Amino acid sequence: MAVQKHDVTASGSPDRLLALSDGIYAIAMTLLVLDVKVPEGLDEKAFRDAMGNLGPQVAAYGLSFYVLAAFWRDHRRLFLLVRRLDTSLLRLTMASLGAVALLPFPTALLADYPDEPAAVSLYATVIVVIVALHLAIAAMLWRREHLQAEPISDTLGRAVLRDLAATIIVFGLSVPIAWLSPTAAQWTWLRLIPAKIISGRGLRSAMRSSSTP
Amino acid sequence: MAVQKHDVTASGSPDRLLALSDGIYAIAMTLLVLDVKVPEGLDEKAFRDAMGNLGPQVAAYGLSFYVLAAFWRDHRRLFLLVRRLDTSLLRLTMASLGAVALLPFPTALLADYPDEPAAVSLYATVIVVIVALHLAIAAMLWRREHLQAEPISDTLGRAVLRDLAATIIVFGLSVPIAWLSPTAAQWTWLRLIPAKIISGRGLRSAMRSSSTP
Amino acid sequence: MAVQKHDVTASGSPDRLLALSDGIYAIAMTLLVLDVKVPEGLDEKAFRDAMGNLGPQVAAYGLSFYVLAAFWRDHRRLFLLVRRLDTSLLRLTMASLGAVALLPFPTALLADYPDEPAAVSLYATVIVVIVALHLAIAAMLWRREHLQAEPISDTLGRAVLRDLAATIIVFGLSVPIAWLSPTAAQWTWLRLIPAKIISGRGLRSAMRSSSTP
Amino acid sequence: MAVQKHDVTASGSPDRLLALSDGIYAIAMTLLVLDVKVPEGLDEKAFRDAMGNLGPQVAAYGLSFYVLAAFWRDHRRLFLLVRRLDTSLLRLTMASLGAVALLPFPTALLADYPDEPAAVSLYATVIVVIVALHLAIAAMLWRREHLQAEPISDTLGRAVLRDLAATIIVFGLSVPIAWLSPTAAQWTWLRLIPAKIISGRGLRSAMRSSSTP
């Protein structure tokens, strides 16, 4: 291992890509708050009404912050397995960051138009794109041993792909559902939280057993 | 110690979480300025009036920058004690960052509606949530020795919890006070500054004596 | 080499400049999304029209994210060759970051006024300025051996300059074209994508052979 | 030296403060662009007028980016001399970051109201506050040897203080001048550029001779 580690030239180091990624995630997570607002200069009654109507804005903020936090964790876990970058890995990562940086737009749309099928299905579509790109990164990494920080066992490889595929299926199914009932589509997403906790447990135990020599 | 340090696998390293945290704090602290503004195209008299009315905006900016700087210090101090992450620590930290990233919203509300009980009590509530999450992190860390960078003495553990609990009490008390008198609630907060300086001194001396072998 | 590496004083280390650069790129890439938006409170028909008209906004977001990602890659590649900073290198880098941070403005202009020659040519001009500054950094670095991380071969030096010069020519030519036909100018830019892929391949193979001892 | 370096406990390391500082500078530098804008939906003539009137916005962007870049350089130079933090150093640095994060506000004011004494003098005042805090950091560091990365010679200490004091004097004098003539005050600032280049040279030569053993 030590020998392998030392022959990584600086040109392949993922360090600056991780710094850029952490920056983009941090900004996307913080920009979400710009859509939670109450207009200036309202009288007392209008102010109370505006406060009472903040529900969808705050819910959209909470949902997107939670989603981005979960994606950041996936990103962190994936890159724990990366010893060096190649061009395809850099491109896939950049594409995933482009979708992450876009998320504040469908979030604002969802907060303002929670009953519009187009808003709900666009939100789900952007999520599916991000997770599909994470899945592509994971699949490529599994096949290219010279990029791996340590050998990726078949158990771990399969656990990672299964975890990401589950999210794609839930959010992917919600896209057509949104055109029938935007509310039903949003309830589907909540199904993911317990699913993620269970699959997260499976994933962590696979990572632990893989790091045992 | 050296042995302990070397067996931390990359998967437990808090490095990227600290980079994400520093990014979120930096952005939340800088976005606060977006609420300090004067409309374009005013005539001379209207411009002077607008400048004269900036007081609450600038005060809210200063207060929230000070508060976030104090929270960042608490976050930095807490993570000096962390050698490795586990899932609970990651989740509590993410939750605290979600509340930190939200703070620009109650700050804007406080600047625009300093006399509204709902604005003042929401601001205090977000602060209480952040500090309560920091307290939960501290309490969990104190109990889980395998996560600690070095053994946390009882003196230090108690000093940290006391420091955080004092802030929760002051801001927590200001929530009901805000519904009686928003102004009185804001005066309560100022009581915290000398209190923090005194408790900060106690905390620093506890940290020093704990780092002495 | 080892000896050379150890005599770099902290004062010449590019570390903090790279952290600042990654931050500015991450923010510029994420701020682009603020121009993709649908007004609040539209009725159903107006909402569908607004969604249908998002094309130019989303295209401008995608283009500028792609462009900034490509510039970040160039910046990363250039700084892989840098062992220490001097004042000229710091100034050129700061000037390039000033143009990068400005890019969200011509991007918004291009999204709102894709048929205006002034909008299209301003966009191309800012791109030319960024690439010209990267070229100046590369040329200066090639001549100043004491700043180099490892000796830059003539093959590599020429490949880097050729790659950057090609981008300058394509975007530079599009400036006068924009005054005749804004649409034609935008089509010119698309010519760059295959050109970049080919020159990128040449550049990578030059970097690989240069890092072989 | 090696011995001194190794006894720095993590609790005194300035690493995270530098990450927070780089983040705040990067965001403040990038937020400046939000004030350079042309309204959507103008007809051809109004669009050309709006483009023609961008001068003050672009000039204010350029000036503030230049000013923040120069402050970041001062901040980087100061912290090259810092081996460990104490509470006063942390507080002064946080106060300077609070003024840095505020700068986008007077920049927008200067772009919109370049002829208003209050706008011009507020801009100069914020600059004076930042530089005065940098001077306080430098003076404190010079006196507290246990915080220094290497002994600060009297030549270097005096050169740093002189450099910062010169900026304070120029911007400080422009505050009363602005009330007589806002334009004259802005011309005064341009005097600083050659002055900074000369004093920068003196400072760099002092830093070089101090790092020679």
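Note that the chains take the letters A, B, C and D in the order they are written out, and that residue 1 is the start of every chain.
Convention: a residue touches a chain if its C-beta (ideal position, glycine included) is under 8 Å from a C-beta of that chain, and two chains touch if they have at least 3 such contacts.
Not measured: the values here are computed from a predicted model.
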Name the chain whose C-alpha centroid is farthest from the C-alpha centroid of chain C.
B
If I list every residue number at the interface of chain C and chain D, are over half of them used by both copies, so same, or under half, so different?
different
Superposition rotation for chain A onto chain C, Cα-based, multiple of 5°
90
Per the centroid of Cα atoms for each chain, what is the distance between chain A and chain B, given in Å?
26
Distance between the CA centroids of chain A and chain D (whole Å) is 36
Each of the following residues of chain A touches two or more other chains, namely 19, 23, 26-27, 31, 34
Residues of chain C defined as touching chain D within the complex:
9-11, 16-17, 19-20, 23-24, 26-28, 31, 34, 87, 90, 94, 97-98, 101-102, 104-105, 108-109, 112-113, 116, 118
Mind listing the chain C positions that touch chain A in their complex?
18-19, 22-23, 25-27, 29-34, 36-38, 40-41, 44, 47-48, 51, 61-62, 65-66, 69, 72-73, 76-77, 80, 149, 200, 204, 207, 211
